[in-house]
Every structure is written in structure tokens, then in C-alpha cells.
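What follows is chain A paired twice: with chain B in the first complex and chain C in the second.
After this line comes the complex of A and B, so read on.
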């Protein structure tokens, strides 16, 4: 093995260094928009665990992020000092829930799976609306509590949350990368490419896919928790199907299974789109054209035969181009 | 002869009052948050035009405290996240004294926590009550709103129904924040007016048919059914009730509906439907003694003159941005200086400020300041709005 970091590792490091520079020098009110994009980027990465690794399309990312947000806010309302317990327990619960629902859904074909996960998102929204005394219904609820870390104290401020979002994204990238290059990761990729062949080779498909689905759920939930305590106000609209669809859109633009490109797509395209206010009524058209161009560029890139040709030696070693 | 003409000209010159002094000095910066795109754009875009029209009028009349008003406007895209982003830009980069808007309740709630913490007087044009409800929705020390409270509209409906001898009603409310807010107040206030809610149903405001809910509610036998939603869903529900066989209940729409679209969309089903509205929708019915009569008529004339009527025909929401700026003007004049804390204190103590939506008397407990007197009950007769008898 070479001691030199791979090209992908260098690219990821460059991406995070560039973001760090942005976080250090932007004024506070401009960081708000970066943090909102980072929240979406974490959800794209979470979906990448499901779709990019496990090959399972999911429209539940919004619901899972909302679950994390509401669970954390409600738990903090009763135990305001217990962030160190609430955050990991909520993330674990989201992991467990996503993994549990993934098992029966694993048998569903792509279209049916998308519908089932869409159902999960709608169930979440309806639960929030129905449990109005607890959740505030569709009006939402103010978040008066803060995340409190032991020895550090309450977390507040744009820059603090910028680095929290960035840290969570970096953790997700590291786990994604490590998982992808591990034995279960390769088994997941095998399930994605040919589920039947993978099963016939003795791979426990439901168990593996529940792992990737669970990880995706946990990351979405953690992003939701940060988003809730950062913004100070939550309502079901913030975690609606639109969030899931946006995550899917940027993952498709960047290419499922690729670590960096979907995240770059989120940060660059969302920044461009949020800077188009000066176009006035023409903005919607410009957004549409930009996203269409990005999708076409993504399609042309994946359709290029040269990029998809895997050297025989590489396949033999279990590597795939990033 | 020449002397007579000179004398006449002198008299004329003396009779003509002094022209309004042109405002001078640094402009007073006021932020404007309007949903100019997205689902709330049908309210937000005309609100922006009305705000610009009103600022021009204020500046032409000498500004406020002798200084011109400068409106710094941003589009919130009907999105709470964007609304918060724009509010922060207004406060932290553009250093506005106060904010007018945003347009929707979700945006208002997203902005409110920040403007409360930063102590920025914010006069919102949102329909929902939560922004000034307190309790779980946080303090509202720096937050005011110009549209009537939901509870005011509910009371207006109940007053009318009680006078008509209607005691049993059914309610059909949208599953969104606006509908839930309406349902809560309809339930809370029914007892006070001796009205019993005998059936209730909810619906998705994006739906295209509510026949099932209409059928169930009619089967319960209410004298009237109150439909609480904004947008086309209200007209669809009215059509669904009109299509039912047998005795039909009186259809009552909420205060979000009055506008040219409702009778157009509902067609013959709109006949006889009643709803509470601002007096803007019934200018001809206002007696000369009504303090709002002159203001409402002048507003409608300006709205037409500026060409807004041609693009966005007048509806019940049209005057909210005007009222927000009139309150701001009254507050600044009362405060005597362009200072945020002084402005807030002055806004909270305003009495009898005549606006388009009503006569505002604000108190620390009531940051809206409008009563049921600010509304009229309208009925649709031959496709046109008339005052319900």
C-alpha cells in the first residue's frame, strides 16, 4: 500500500479546507446561508449511504431529519442539561428505526421502495400534525433550549454551528469512505450491482442494507437536531418531502456512490441559486435551467465510456473508481 | 385692472396652504420582507407594491420626523429559511430601524425569535395569531401584526350567526397552520356565543375535491358550515356543498377568502356564501361617519392610480402593508426620534390610528389592536360582494 493519500482523499481535504476558510472569514449573517446548505449536504450524504452504497432509493430523509429535530427538542424541553445523552440516544434510535424499517422494505423493488419511504415521510408529517399539543401542529414550535456539551457549555452562534455542521459532515465522509473500502462496503456495492448474484454468494442482503439505511437515518437525524437548535424554530414544512427530493436531486447530479461530487453540487448550486435574488421573477426559470444543466452534465459524465471502464486489475483488487 | 388681478393672485397665494416641506437628512431605513415568489406570492407581491406606494406618499408629504423613509426590500420566496436569512441581512448588514412583513405565518415565526432577540420592531403582515400569542410561541415584545386576529374573525362570524339564530354549526378546516389556528379559535369561542359545533372535518388545502367531508358534515344536520382555508380550496369546498342533494347548510368562509377569485372560482356555488372581511371589500357601504371611510376610499383611489389594481385586483389582504407603514409612521411621530426602543414603546401605546384594515388601539397584551368593529360580514349576491344583512 502506498503511504501517499489518494487523489480522492486530497480532494476531500481540499473541500473541507475551503469550507473552513469560508467559515472563518464570512460575516455571521452570511454564515446562516452556508449552514442551511450544510444541513442539506449532510442529508445528501445520508442518502448516499442508502442509495450510493446500498442501492436503496429513499424519500424518507426529510422525515428522519424531522424525527431527530422533534425528538431532540422535546427531550431537551424536559431535560435541558442532558444533551450529551439525548443526542447519541436520538441518533441511535434513528439508526434503529431506519434499520428496522429497511428490513421488510429490502424486498421491495426500486419503485415500490421509493413509495414506501415516501409513506414514511408522510407518516412523520401526519404524526406531527396530529400530536398538536406536543408538537405545535403545523404552526410549529419555538426552540428555547440549547445543546449543552460537557465542559464546553451551551452551544450558540453561527460560527459554532458552522463547525458543528462541518464536523458532522466530515464524520459522515470518513464513515462513508471507511465503509466503502471495507468488506461490508464491498458487499453492499455487490448488492447494488446485482442483488441476486450477491445473495447467491452468501451475502446477507437485508442485514447489510439495514446497516447502510440505518447510518443514513442516523446522519439525517443528527443534522435535524443541529438544525433545530440552531434555527430556534421548527415546523413540519422544514422536514417535508421537499427536503427528501432536494437531497435526491443533488445526489443524482453528483452521482450516487461518489463521496465528494454530490456535496460539491449542493454547496455550489445552492449558493448560486440563493444568490439569484437580483433576477426577480426570472429566478425560477434560472433555477430550472441551472439544475437541468447540472443534471445533463452529470448524465454526460456517467455516460462517458472511458470513465466507466474499470481496469481488470482494479476489479480484481476490489477497487472501483470514485 | 392690473391692480385687481394682482390682488386676486395675492389672495390666492395666501389661501393656498404651505406646501409640504421636502424631507431632508439621512433617510430612515425600513426593511421590507415580502413573499414575491412561491405559494404566498399572491399576497406578497401586491403587498410590496402597496408598501412602495405608501412610502412614496409619506415621503411626498414630508417624510417622518422631517426625514425621508427608505424601504429596503427582499423577497422571502415564501420560505421560512430565506425569510430568516433576509431578516438577518436587513438587521446586520443594512442596519434597518424596523421591519415590515413577512407575509406568511411560517415565515413570521421563523423571523420572530431573531427579531425579538435583536430587539428590532417588526410589524408583520401575517394572518396567523401565533406570532403574537405568547406562551409556547415565545414573547412578542417587539412583534406587532396588522391583519385581524383569527379570533376576531371567528367572533365576527359567531356574532352574525347568533343574530341570525343559528346555534348548530359544522366546521371544515384545512390541515395547515392557518386551518388549525382557525379550528382552535372556533372551538374555544363557540360556547361564549351559545353555538354548538356538532361535526368537524379536516382537509388538505392542496386537494381538489372535498365531497366526502361535505357529505359527512351535511349528514350531521348543521344550520351552517364554517370553512377555514385560504386559496382555491375554499371555492372547491363551496362547490362541493352546492352539489349535495337535500337541504344545504349556510356556507360561511373565513376572512382569508374575500377577493375577486372566490366568486370566479366557485361560480353559481358562491351565491349566498357569507364571510367576514375588512372594510376594503365594501367601501360603498361605509357611512360618512365611519372613521375609516375616507382612508379606505383614498387607498382604493391610490391603488387604482398606481396601476396595482390592473395587476392584482383588490382583495381583503391588500391593505396590510399600508397599515404596517401607517403604524410605523404614527409610532415614530409619537416616539419623536428614530430609535428602536422608543419606537417599540410608542407602537405599544398607539390609540385610534385609522388604517385600511381598521382603527388600531394597541396595548401591551394586544399587539394587533383591532376589534370586530373593523370587519364587515359580506354575502355574495349575483356574483358580487354585498354587505350581509
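After this line comes the complex of A and C, so read on.
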């Protein structure tokens, strides 16, 4: 109890300091790629709220990020000066929407929840494609407006957005740690470890899980907003299923519930993967192999007996994993 | 006019529905035996179909030879998928197993890109059946082939599961792995077999869909998802019902395509999936393929 939290805090501080150094010293054009990794890292952290705390798998992060992006861009088109209102309202709306959709899905097992949330992501993509006059359809739309902060003014540039992404990631990490060590956080972990026992202890499982799911939705939407105004162009491809699947993959590789390891996994593996451009057509296979290797390495790590891990499944022993 | 529309819906709905039905049975088989949702199901179809297409370029395949080759590829591919996903992570958490199938799907897509490129590839019709007209109903050549392939697969699989020793072992493992292993059945063997059977079904689905729509490296996930929706409609409980779920989905989709746009069709399909999952969550807990 005494040594562990401080060590984790030191590690997190080290991680953010290293990223700050990257942001200060890397040339602007290289920050473009790092910002993409940070966008993914925020989505991984958002998913960590759902899966790491509440034990609920989600493949809707891409859709929620897209929702934030499109909502913000469309709202800014009408009220270009109102960033200070649009950003929090959109985040709040994403929180409400994610919390609302998670409630009826709360009882679904892992695989079925994955498919249902994946369905949500696909519904978002198809709706964007259908509402072509408003969203530009598959061709996407240019983002003419900038985020404007009171007393600071319009935000632009790779380095500015690097620190905005980093700030959002830091805020997410802080809320994640604070929530994990709070009473609702412990209740969420109880729901994750044994939903039935948690319910029988009087925990309102759907309400608590909708909180974690909602927080995840809000963070994904905020990441989407930053991404939209940073890139200057949005289309459904940027928020497709690939984003959701990648977020889940990196979280599983790093270990759901762990704060730092999934973020490290994103930064390291994504850097490696973006360095594989020279492989040309072979890079999809290389990405697949790299991710398989990382998953197997993560599995070997978690295979060591630990107090809080779910008993190794299952299939061979007749337990019901889903 | 209305009758013509209806005949068109039935024709294209049955063609698509047969493929969805085959994919759904593959999903249900793997899910029932190992409680794993296989994200790489669509890639089984893709690689099976593409391999068959390459084979047709080299050899002139008779219908029987094509069927045998497809079944053989499917069997081997299914085993390969098992060996690289559930086989290596049998004791891993369900989440790890799920993600291993996602990574496998990415790897197989990569193989498809490297070996066959990114352009769509047409699989020739290997089972040339004549088109049929039954009164107002019209079944095109592709539809009839897909339907015959699917119904034959369903009948054979049902007979295999119900009347053979190995088939009964697969069902026993899906009902209670511990009890089954106490009776001398190896659960690992049955899990592998369910993957292999899903591989055969996917290869049959490839033969059915290849001539209708071309085969492309990124088609796997979409088709796999449709298979999942169909399996959910069918309820995972019996081969026949799951197949019927696929046919229903195909018919509904065909009707929606004529009534609405393509994107709206997808939206309605996934709303249907979520509605089904949310409204009937208790049933599937006990569902087993029988």
C-alpha cells in the first residue's frame, strides 16, 4: 500500500516528462505523427475507463470520437467563436449518450457487448454516409474553423495541438487514478471482478457502469474534437472501426485496468508500425504479426498467477468465459 | 410490378441469405464449442475463395473436384486459424482470445494483399446449375448454386453432428466440457474440429458468393459481421435455425436495398442486431448448437 502508488505516480510523471521533452525538441513536421499516436492513446485511455474499471468491452470508441468531431465541426460552422461552450457541451452530450446506450447493454457478455458496440460504431459511420448534405458523406468535409480559447485566441500548429493532446491525456490519467481510488471506482472494480457478487452487495451496477462508459465516451469525443480541428479535414474513415479495434488491441496488450502500460504500448508499437512504411504492401501482415506477438507477450505476462486476474479461462476447464 | 419486385427480393435475398447462413453456422459452431466470437470468420471465406480462384487458373476443376478442394482448403485453414488463435491461448482470458482472432484477421488480410493484391478478384462459377423459374418465382444461376450449396452443407452438418460419434463429441463439449472430458473426449480436439468445420462452411460460402460479388482483401469483416447478426437472429441453438436466421437477414436486406439506400440498409441491420442483443440477452446464455 505504501510503496506502490508512489512508484506508479513516479512512472506516470516520467512518462509525461519524456513526452514533454519530445514535444519541446522534436521538429514540427515529426510531431504530426506523434499527435496521431496521442489521439489513439487518448482513445485507449477512454476505453480503459469502460474496460479497465467497469469491465465492459467497447468497440464504439471510434464512433464516439467521430461523433465529437462532427458535432464540434458542425457547431463551430454556425458559432465560430463559441469553442468555450461547444467543447464542454459536446463532451457532456457524448457522456450522456454513451451512458444512456450502455445501460441497456450492461448485462451482455464480453463478446456480445463487443458486437453490439461495434454495431454502434458502424451505425455512426453509415449515418454520416447517409447524411451527405450535412456531413459531406464519404468525401468528408473541410474544417474551416479553429478552436478559440478565451484569453488565448485561436489554436493552431503541431506543437500547440501536441500539448493539447498531452493535456487531455494527463487530465484523463488523473481522473482515471482518482476514480480508481475512490468509492465508486472500487465498486466498479468489484463489478468487473464478479458482477453477481457486486450486485448482491447492493451496488447499482448499470448506473456505475454507465458512469465509466460515459467518461470513456466523453474522452473519446474530446479527442475527436481536437483531432478534427487539428487536421482541418474529417471523413468517416478517420473514425472507422479500425480506430476502435486498434484501441482495444493496445489496451489488451497493455492490460486493462493498468494506467501506464497501455499508453506505453500505443506509443512504442505505433511508432514501430509507422516505421514500417518501407514494407509497402507487406505492412498489413507485419502489423498483424507484431500485434499477435505483443498479444502473446501480454498473455504470457498475465499468465503468471496474480490475485486479481480472472481465472484463466475457462474453455479447457469448463468455466463460462462470456 | 409489385410481384416482380417481390420475385427480385426473393432471388437476391436467397443468394445473400445462403451465404450469411453458412457464415452464421460457422460462428455458432465456434461460439458454442469454445465461447469465442471469431472475428476472423470472414477471412476464412476470403482466403478459401482466393485460393480456389488461383487453383482454377492452373487447373480445370470439375464441380466435384472444386467442392472437394474447397472443403479441403477450408478444413486446413480452419485448423490453421485454431492453431494460431485459440490453440496458443487456450488458457488466456476471453479478451485475449478475442483479440487474437482480430490480429489473425489482420494477418490474413495482409497475406491476401501480398498474394492476390488489392483489386477485386472474380471467382468463376464452379457449380454451373441452370436458372429455375417456379411460377412467379425466379432463381438465377448464382442464387440456385448458393442455395444448393448452403442447404446441402446444412443437411450434411446436421447429420454429422447428430449421428456420428465425433459429431456427438463436439456437441457434448459445447454442452459441458468438463463432463465431456470425463467421458474421454478431448475438448481441444473438438475446438479444433469446430474451427475446421467453420472453415469448410466458409469455403462453401466463398464458392457461393465469389461469382456474385468479387472477392476483395477487406471484405472479410463485413461478411463476418453479417454472419454474426444472422447467428444472433437464429439464436445459436440449432444449425437449422441459425441458417434460417441467415436467410431471413438476406431477405430483409434485399428488401431494404430496394426500399432504402445502401447505407440505410446497413444502419437498419445493425440497429436490428443491437435490438436483438439487448432484448433477448438471457436466452443465449444457455444456447448450444444441437
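Going forward, the second predicted complex is superposed on the first by the 291 of 322 C-alpha atoms of A that agree within 3 Å, B and C clash if a C-alpha of one lies under 4 Å from a C-alpha of the other, contacts with A are read in each partner's own complex, and residues count from 1 in each chain.
Operating definition for what follows: a contact is a pair of C-beta atoms (placed from the backbone, for glycine too) under 8 Å apart; a residue touches a chain by one contact, two chains touch by 3 or more.
Please read these numbers as outputs of a predicted model, since none were measured by experiment.
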Contacts of A:142 with chain B and chain C, given as first, second, both or neither: first
Touched partner set for A:240, first chain B, second chain C, both or neither: neither
Which of chain B and chain C A:295 touches, first, second, both or neither: second
Which of chain B and chain C A:277 touches, first, second, both or neither: first
Partner chain(s) touched by A:118 [first = chain B, second = chain C, both, neither]: second
Partner chain in contact with A:57 - chain B first, chain C second, else both or neither: second
Dominant contact partner of chain A by residue count, chain C or chain B: C
First (chain B), second (chain C), both or neither touched by A:32: first
Which superposed partner A:199 touches (first chain B, second chain C, both, neither): neither
Partner chain in contact with A:231 - chain B first, chain C second, else both or neither: first
Chain B and chain C footprints on chain A, overlapping residues: 129, 281, 283-284
Residues of chain C that touch chain A when the two form their complex: 31, 34-37, 84, 86, 88-100, 102-111, 113-114, 117-118, 176-179, 181, 187-188, 191, 221, 225, 228, 232, 261, 263-264, 266-267, 270-271, 273-274, 277-278, 281, 284-285
Interfacial residue positions of chain B with respect to chain A in the complex: 36-37, 74-75, 80-82, 84-85, 88-89, 91-93, 105-106, 109-110, 112-114, 128, 130, 136-138, 175-177, 179-181
In the complex with chain B, residue positions of chain A that touch it: 27-29, 32-33, 36, 129, 132, 136-142, 144, 231-233, 235, 237-238, 274, 277, 280-281, 283-284
Contact footprint of chain C on chain A as seen in their complex: 51, 57, 104-105, 107-112, 114-116, 118-120, 122-123, 126-127, 129-130, 241, 245, 248-249, 252-253, 256, 281-289, 291-292, 295-296, 298-299, 302-303, 309-310, 312-318, 320-322
